[in-house]
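Naming follows writing order (A, B and C), and every chain is counted from residue 1.
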Amino acid sequence: MHVVGQPPAAPARGAPGLAPATGPARALEPVLRPLRAYGEYILAAASALGVILALWAAFFYAPTEAIQGDVQRIEYVHVPLAWVAYLAFFVVFAASILYLWRRDERWDLIARANAEIGTLFTTLVLVTGSLWGRPVWGAWWAWDARMTTTLILWFIYVGYLLLRSYTGRSEGGARSAAVLGIVGFVDVPINYLSITWWRTQHPAPQLPLGGEPQAPPAVVETLLLALLAFTLLYAYLLIQVYRLHRLQTEAERLRARIESA
Amino acid sequence: MITMITLRRFGAQTASILWKDLRCELRARQVWMAMGMFALLALVIFNFAFDLRVDNVAAVAPGALWIAFVFASILGLGRTFAAEQEHGSLDRLLLCPVDRKAIYAAKLLGNLVFIGAVELISLPVFAAIYNLPVLTGGIIPIVLLGTVGIAAIGTLFAAIAGNTRAREVLLPLLVFPLIVPVVIGAVRATQGLISPLAGDLPWLGLIAAFDVIFLSISAVTFAYVIEE
Amino acid sequence: MSIQTMPASQARPAAEQSLPAAIQVEALSKTFALRPVLRGLTFAVPARARVALLGPNGAGKTTLLRILATLAKPSAGEVLVAGFDVRHDADQVRRRVGYVGHQPHLYEDLSARENLEFFGRMYGISDHRARADALLERFGLRAKANERVRALSRGQVQRLALARGILHEPALLLLDEPDTGLDEDALALLAEVVRARAAAGVTTLLTTHQIARGLALAETALVLAGGRLVHNGPAAALDVDDVRALYTARRGAR
């Protein structure tokens, strides 16, 4: 996950006023440059192939679940989506701290890109969960602890994106968003805990998350494949969204320079 | 030695800002009156909305009470920086050699005073119109800890929302999802007061943990929100 | 009245040379909302100087003042006020800087005295009561001391804002268009305060749209245009037309 741990180095044409590429990023530039040029295509191909393979495995390789039937196959999409969403929100959290600490705008753009991806994936998690819940539980929605937490998470990060849209590309907005990115993520475990306790007296059906300890190997394999494929897809999306934000910021910067020249 | 002096200065600065805010708020606006009226109105409306009867009142009423508190709090929280935004400027305060945490502490205490006053008025009314035995010593820590949790997050996000054009809309949107744990805890603890359950969970502990976590995060991050 | 922060300046005027410069700016750049506002400023202001900071709208005057007052942080470069770095010793700088803007920014629901006392406490002044009284007296506000600011006239509010600016006896007084909306009385008072402060060893930096008044009040003129410093020299050597020419010839002299 080098994409996350290390912000892609600044483009060579970095405008003055933009923080210059930091030490390690610049030193690695000769290695990163070709890797970026071709690595992205490799990543795109790998994630496309991975998702296709995972879907094939979900439909044809994994066995039909005895009680739930084919509906259970949605798990192979639902679980990886949830994993990516949580991963993205963790990156928002980490990048927000780094942004407040280092004040490098690239961390802010990474946080923003991850919040967008995480919110999209959380939406899909809620939709796939509902689609699964309707036939299995007989209801689109149940106030299960995990579902409720996911829903609240969704509200927190939609709030994050709203805040960003209201504050534009200002430094003050970036700092406020970083604070929300930190508080919001810390809130997740407390939320989960409180909702679990809240529901203790009314046990709800569990999501089939790693449900049976003796799951058939084909189920485990399919799930692992799907997890890998969606993580690659996440990495690819992150690079694209991050670059989009970078270019938008750069365009706004250039426009401002022309206007004030 | 140095920490004592720093602490004393911190306390003096907090007290001065709090004094100033209370004075401005009491002289200029009766927002706490509006908050109180709002809380009472909410309690009355819930009565119609849920069609309360003797058999379900104990289960539903604590939720109604806390939603009334939360909604009324948002009204007050939105005015956290009113004295600065309307006739002064937060910049003017930031020009002074004041610990930014003292500003947060003063604003938090101010919110606690106003929300607390509203709760003090609405609790007896709640006990009377819902006919529930909540006016015992046990309610004090629940209301206190619950309110600290709401105000800790609310004060931080009042500063965040205050930086935007959509202050009034954004504040509840950002605050409500974050205070879910404290509301759950407070509702459950209040229910436990009305009809104690065997083996009920330590809800007060959950709220207290929430308070500590959010007070510390808010104190650390507040300066990033208000200044460059 | 003694200036706590610069005790040596009054006793030994000869030592003036060795005092730290009131303001020292080195390669200062500031980008605000992706927009370059200041582009590589370098200048120094000696202690006790009276400086007019001139420039057309959007030249970066207010931004520079905000950086000197620690309200904004430099994007690049170094800024020292009375020898203290605005980034790392912000509280030390705040203690030494007085700021008067074109908006009074007083608490309208507090009385004149309460405002001064509040800010006195914020600056940690131990005898804030006595000092507030002395300033109210000097600025002709004693009769109005217990009136809420809301009830004061515009001129009285401006005078109160001026009093608040020098309450903590700053070593550097920043005046951001203080003459906008001031009446004649208040203007005379402003000029008097600027001269008296300078005589007491205080450095003054003021911005104004009234070029002639700025030049008359100051010894040194700094002219900003397009975020660059285009002139730094004696104010007496410039007249209004020179300054206007500097505003437009922004890529000219450096």
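In the analysis below, a residue touches a chain if its C-beta (ideal position, glycine included) is under 8 Å from a C-beta of that chain, and two chains touch if they have at least 3 such contacts.
Everything quoted here is computed from the prediction, not taken from an experiment.
**Student:** Measuring from CA centroids, which chain ends up nearest the centre of the complete protein set?
**Tutor:** B
**Student:** State the pair with the higher C-beta contact count; candidates are B-C and A-C.
**Tutor:** Most contacts of the two pairs: B-C.
**Student:** Would you mind checking which chain's C-alpha centre is most distant from the centre of chain C?
**Tutor:** Centre of mass proxy via C-alpha means gives A as farthest from chain C.
**Student:** Indicate the whole-number Å distance between the mean C-alpha point of chain A and the mean C-alpha point of chain B.
**Tutor:** 32
**Student:** Would you kindly tell me how far, in whole Å, the mean C-alpha position of chain C lies from that of chain B?
**Tutor:** Once rounded, the distance between the two centres reads 39 Å.
**Student:** Just curious, how far off is chain C from chain A if you go by their C-alpha centres, in Å?
**Tutor:** Here the centre of chain C sits 49 Å away from the centre of chain A.
**Student:** Going through chain B residue by residue, note those that touch at least 2 other chains and give them in order.
**Tutor:** Residues 228.
**Student:** For chain C, jot down the residues that touch at least 2 other chains.
**Tutor:** none
**Student:** Which positions in chain A touch two or more other chains at once?
**Tutor:** 171
**Student:** For chain B, which residues are in contact with chain A within the complex?
**Tutor:** Counting only chain B, the residues touching chain A are 153, 156-157, 160, 163-166, 170, 173-174, 176-178, 180-181, 184-185, 188, 197, 201, 203, 206, 209-210, 213-214, 217-218, 221, 224-225, 228.
**Student:** Quick check on the complex: what are the chain A residues that touch chain C?
**Tutor:** Touch residues, chain A against chain C: 16-17, 168-171, 249, 252-253, 256-257, 259-261.
**Student:** Residues of chain A touching chain B in their complex?
**Tutor:** 100, 152, 155-156, 159, 162-163, 166-167, 171-173, 175-176, 178-180, 182-184, 186-187, 190-191, 193-195, 197-198, 200-201
**Student:** Under the stated contact criterion, what part of chain B meets chain C in this complex?
**Tutor:** Contact set of chain B toward chain C: 9, 12-13, 16-17, 20, 23-24, 27-28, 83, 86-89, 91-98, 227-228.
**Student:** Enumerate the contact residues on chain C facing chain B in the complex.
**Tutor:** Those in contact with chain B are residues 69-73, 91-92, 94-95, 97, 99, 103, 105-110, 114, 118-119, 121-124, 148-150.
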